[in-house]
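Look for chain A in each of the two complexes below; its partner is chain B in the first and chain C in the second.
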Partner chain A sequence: MLALVSPALLVILALIVLPVGWLAWQSIYHDGFTLENYRRVFTEDIYWRSFALTFEISLAVTLIALLLGYPVAYLANALPKGWSILILSLVVLPFWTSVLVRAYAWLALLQRTGVINQLLRYLDVISEPLPLVHNTFGTVVATVHILLPFMVLPLYATMQKIPGDLMQAGASLGASPSLTFVRVFLPLSLPGVLAGCTMVFVLCLGFYITPELLGGGRTVMVSMLVSRNVELYNQFGAASAVAVVLLASVLLIFAAVSRFISLDRILGQK
Partner chain B sequence: MTTKRDFGFGYALLGGSLGLFATTGIAAAAEQITFVSQGGAYQQAQTIAILDPSAKKLGITINQDSIPDAWPAIKTQVGSGKPIWDVVDTPTGYCLRGGEQGLIEKLDFSKIPNAAAMPEAYRNPYSVSYEFYSSVLAFSQKTFPKDAPNSWVDFWDVKKFPGRRALRNHPIATLEAALMADGVAPDKLYPLDVDRAFKKLEEIKPHITVWWTSGAQSAQLLNDGEVDMEMAWNGRVSAVAKEGAKVAFTYNQGILQSTSLCILKGAPNLETAVKFLNEAVDPVHQANLPLNIDYGPGNPKAFDTGVIKPERAAQLPSEPANAAKQALMSYAWWSSPAGEAAEKRWASFMQK
Partner chain C sequence: MTRVSPARIALYVISTLVLVYLILPVLIIAPISFSSARFLTFPPPSFSLRWYQQYFANPAWMQATRVTLTVALLTVVIATPLGVAAAYAISQSKLRIMRVIHMALLLPLVVPIIITAVGIFFVYAKVGLVATLPGLVLANVMLGLPYVVISVLAGLQSFDPAQEMVARSLGMNRLRSFFAVTLPQIKSSVVAGGIFAFISAMDETIVALFISGGQYQPLTKRMFTALRDEIDPTIAAISTLMTAASFMLVLLASARQKKSG
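On to the complex of A and B.
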C-alpha cells in the first residue's frame, strides 16, 4: 500500500509542501527573523477590511449556493436514473469551461449594455440600466455559478445514501410529505449540507480572477492583496504572510468542522 | 510570443539530429543573449523592427522569452545568483528600483553611444528608454459627437460632461491626472503633492464606475460602451477604434510613460548584452518600431531618420509636438520613498 501511494506523496511533497513551506519561511525570514510582515497584516486596516469582505462574500456565496443547490440535488436524487444523470451533467458541464471565460460571459450578461439590462429596458421595466456588475453583487453572482457543483455533488452523494424506506415508514405512520421531509430527510442530509458548505466556503476564500474582473476594482478580496503585495513590497514575504494568514483560517475552519463531521466525508471519501 | 523561440528550438533539434552541419557548430559558438519582453503583438513588432535586424547586424543570436510582469522573475533570478536572462524590456520604474536594490547592472554610457546621445530625461544610470506609450483621456464619440472632454479638468467636470467614467486601479499616472485636474501644469507635477492628488481623487471617486486593472479590460469597457470616458493607454484606444468602435482620445495632458531596457546583475552574456542595448536604441531600428505597432520610439532621434512619415509621426505619443502637450512621467520620483509611500496609500484609498 505504502509503495503504491508513495509516488503521489512525493509529488505532493515536491510540488505543494516544499514551495508552500518555502514561501511561509520567507514571510518570517528576510535578512534575519522578522515579524514585520505579520505586524502589517494585523495592524493595517486595509487587511482587516479585505479579510472581512472576503468572509462576507464567502458566506453569502455559500448560503446562496445552498439555497440553489439543495433543490437540484433533491430532484436529482428523487427522479429516475436517466433524469438524475441529465441534471448532474448539467451541473457539471460549466465546470469544463475556464473561469476566465465564464467571468467574461457574466460581463456580457450583466453589464450596462448587457443582455439583462437591454431586455429589461426593452420591456420597459427599467428606464436606467441597473448596476449589476463592477461591484460585489456581480462578483457574488459569478462566484456562485462557478462553485455550485461543489455544493450539489456532496449533497447528492449524501442523499443517495438515505434509505427510501424511511420516508415510506414516516408516511405509513401518518406524517405528511412535508413533515417526513423536515423530520426525517432533512436531518439525514445535514452531513452533505455541511460538506458542501465547507467546500464552497473554503474555495471562495481564495477567489482571484472573478472579483478582479467583475468587482470593478472596489471588491478587494484577500488573494488580490497577495498579488498586490508582491508588487508593492518587492519581496515575497510580504505577500506570503497574507497567504499564510488565509491558509491558517482555512485550517481553523476545517478543524472546527471536523468536530462535527469526519474530513473524509467532506472530501468525498465516504 | 514563442514563435521565434520555437524556431530556434526547431533548428537546434534539426542540428542535433543531423549533428553534421558545420554551420550549427558555428552558430552555437557565436555570441548570444536572452532578451525578455512582454509578449503578444508588441514583442512581434519588436522582432521585426529591432530584434532581427540587430541580431543580423551584430552577428549574434537573440533568444527571446516573454513574461507579462518581469519584476518577480528578476528578483528570483538575480537572488538565485545565476540569472538566465540578459536584457529585459520592462517599465522604467522597475529598472530604477532594481538598480537601487542591486538587481540591475549600472550602465557605462561610453560603451552605449546611441543612448549617450539621447536626452537625459530619456535615460538613467540603469536603463535606457526603449519605447513610449501614453495614459490618455479616451472618450466615446457616440456620447460626445462634438465638444468632447479634452483635459483632466473636463474629466473631473461631471456637470459639463455627464457620463460614466473609468480610471486605472493604480496610482501611477492617476495621481498625475488628478493634479492636472486640480490645475497643476504638466511640467510642474514633480515632486507630486500626494495629499492634494488624493483629495482631488476623492472628489471624482463617486463618479467612477470601474477601476480597471488590465489594458484588455479598459479596451472592453470603451468598446462595449460601458463607460463614456476613461483613462487608457493610447495603443489600446487606437486598437478599439480600428475595430470600428466610435472612440477617440486626446494627447492633451496625457502622461507619457516608457518601458526601458536594462541588464540583469551578473547577466551570463554581459558584454554582448551591452552591445545589443546600444544597437536596440539605434535611431533607424527605433524608427521602424512604430511602423509595426502604436508605440513611439524610445529614442527621439528616430523622428529625424525620415523612416516615419509625418502623418504617422503625428499619431505617436513621443512625437515632439505630441510630447510637448503631455507630462513626462518621472520614474525617479515614483521609485523614491515618497513615491513608494504614495503607492502603498492607494489600497486604503480604494477600500474607503
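On to the complex of A and C.
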C-alpha cells in the first residue's frame, strides 16, 4: 500500500515540502545563521504595515462574506429542493471561472469608464466618476466575490444537519420565529460559521492576484510583499521570512480552530 | 403560504442581491468580448468579432494557448493515476501513517499558493527547471493531486471492498481485480477528479508567474501581464472562451458524478 502512495507523496515532498523547507532555511541562513530577516519583518514599517493591512482586509472580507453568505445559505436550506439546487448552482458557478477572468470583469465594472460609473452618470446620480477600483475598496469587493462560495457551502452543509423539528418544537412552545432562530437555529449553525470564516480568512491572507490587479499598487498585501522582494529587489531572505511568518499564521489559525471542529470539516468542502 | 413577515422579505431581497453580485461579473465578460468598442458602453455600439480575430491572429496568444492546453493535458495524464493509486491505498490501508500521508496530499490546498510559488521558484532555479515545460507540468501535477485524491476517496467510500476480495479469492491478482472490479465502479469519480485537475491547471496563474518564461508561458501569465498594463478587450474574448471551456468541463464532471450516484 505504501508503494501505491509513494509516487504521489514524492511529488508532494519534492514540490511543496522541499520548497517550503527551502524558504524556511533561506530565511535564517545566508553565509551563516542570521535572524536579520525576521528582525526586519518585525520592526521595519513596510512589513509591519503590510501584515496589519492584510489582517484587517481579511477580517473585513470574512465579516462581509458572513453577512452576505448567511442569508443565502439560510434561504437555500429553507426552500424546497429545486430552489436550493438553483441557489447553490448560482453560488458555485463563479467558482469555476478563473480568478483572473473575474479580476478582469471587476475592472470592467468598477473602473472610471466602467459599467457602474457609466450607469450612475447616465442616471444622473453622480457627476464625477467614483473611485471604485485601484484601491482597497475594489480589492475587497472582488475578494469577497471570490471567497463567498467558501462561506456559503460549509454554512449550508451545517444547516442541512439541523433537524427541522427543533424549530417546530420551539414554535409549539410559544416562541416567535425570530426567537426560535436566535435561540435554536443560530447556535446550531455556529460550527458552519466557524468553518466558513476560517476558510475565508485563511485564503484571504494569502491572496495575490486580486490585490495586485485591483489594489492599484497602494494596497500592498503580504503576498505582494513576498513577490516584490523576489521579483523587484532580489531580497530572497526577506521574501522567505515574510513567507514563513505568513505560513505560520495560517497553520496557527488552523491549529486553533481544529480544537473546536475537525479540519476535515473545514477542508472537506472544496 | 403563511403570512409573509418583513424578516422573510428582507431575506429574499438580500439573497437575490447577493446572487446578482455573484453572477454579474461572470455575465458581463461575454458582452464586452462581442462588442466593437474598446470600452464597454451603453448601449453596446455593435456586434463584432474583432477581439476574437485579434486573439486567433496573434502568434503570442496562440503559443500561450498551446502551452496551456499541453500543460493541462499532461497534468491530467500524470496526476490522475498518481491520485487514484494514492486514494486507493489510503482507503484500503489501516496503517496509521496513512492519516499523515492523507493530510500531506492535501497540503497544496492549505499552503498559501504564493508561498508554494516562491518556494518552487527557488528550487527550480537550483535545478534548472525555470521556464521549462516539464517544470510547469510538475508544479501543476502537485497542485492538481488533491482534487483527484478527494474525488476518488469520495467515490471509494461507497464501494464495498468485499467485492474485490471475492475477485481475488477467485484467483485474480490484486492489480487485475482492481482494474476489473473496482475501477469500473469508481470510474465517474476518477473522471471528475481528472477534470478538476485539468481546470486547476488551466486556471493556475501564480506559480506560472514565477516559474514560467520564454516560449513556455501559459495563457494566464500573458493575461496577467496584459491586465497589469491596460484593459484590452482581447482578454474578454479569451476569458469568455476559458469560462465556456470550464463550464462545459464542470457539467461533464457533475453529469459523471451523478451517474455514479
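Definition applied: the second predicted complex is superposed on the first by the 253 of 270 C-alpha atoms of A that agree within 3 Å, B and C clash if a C-alpha of one lies under 4 Å from a C-alpha of the other, contacts with A are read in each partner's own complex, and residues count from 1 in each chain.
Operating definition for what follows: a contact is a pair of C-beta atoms (placed from the backbone, for glycine too) under 8 Å apart; a residue touches a chain by one contact, two chains touch by 3 or more.
What you are looking at is a predicted structure, and each value in this text was computed from that prediction instead of being measured.
J.: Consider chain A as the common anchor and indicate whether chain B and chain C clash or fit when overlaid.
T.: On the shared chain A, the partners clash.
J.: May I ask you to decide whether A:V99 touches chain B, chain C, both, or neither, giving the answer as first, second, both or neither?
T.: So A:V99 only meets chain C here.
J.: In the overlay, answer first, second, both or neither for which of chain B and chain C A:S50 touches.
T.: In the superposed model, A:S50 contacts chain B only, not chain C.
J.: Compare chain B and chain C by how many residues of chain A each one touches, and report the one with more.
T.: Answer, by number of touched residues of chain A: C.
J.: Applying the touch criterion given at the start, work out whether A:V230 contacts chain B, chain C, both or neither, answering first, second, both or neither.
T.: Both: A:V230 reaches chain B and chain C.
J.: Could you tell me if A:P187 is touching chain B, chain C, both of them or neither one (first, second, both, neither)?
T.: Neither: A:P187 stays clear of chain B and chain C.
J.: I'd like to know which partner A:T113 touches here: chain B for first, chain C for second, both or neither.
T.: It touches chain B and chain C both.
J.: Considering only touches as defined above, state whether A:L213 meets chain B (first), chain C (second), both or neither.
T.: both
J.: If the shared chain A is used to align the two complexes, which stretch of chain C, 170-178, 188-196 or 224-232, clashes with chain B?
T.: Between chain C and chain B, the clashing stretch is 224-232.
J.: From the superposed pair, tell me which chain A residues show up as contacts to chain B and also as contacts to chain C.
T.: Chain A residues touching both partners: 107, 111, 113, 212-213, 230, 236.
J.: Report the residues of chain A in contact with chain B in the complex, numbered from low to high.
T.: Residue list for chain A touching chain B: 44-46, 49-50, 107, 111-113, 131, 134, 212-213, 216-218, 220, 225, 228, 230-232, 234-236.
J.: Which residues of chain C touch chain A in the complex?
T.: 5, 7, 11-12, 14-15, 18-19, 21-26, 28-29, 32, 39-42, 82-83, 85-86, 88-90, 92-93, 95, 97-98, 101, 103-116, 118-123, 138-139, 141-142, 145, 147, 149-150, 199, 202-203, 205-206, 209-210, 220, 223-224, 227-228, 231, 235-236, 239, 242-243, 246-247, 250
J.: Contact residues on chain A for chain C in the complex?
T.: Of all residues in chain A, those touching chain C are 1-2, 4-5, 7-9, 11-20, 22-23, 26, 68-69, 71-72, 74-75, 87, 90-91, 93-94, 96-109, 111, 113-115, 118-119, 122, 145, 148, 177-178, 202, 205-206, 208-209, 212-213, 223, 226-227, 230, 236, 239-240, 243, 246-247, 250-251, 254, 263, 267, 270.
J.: For a test of understanding, state which residues of chain B touch chain A in their complex under the given definition.
T.: 69, 71-72, 75, 97, 101, 164, 169, 209-213, 217, 220, 224-226, 340, 343-344, 347-348, 350-351
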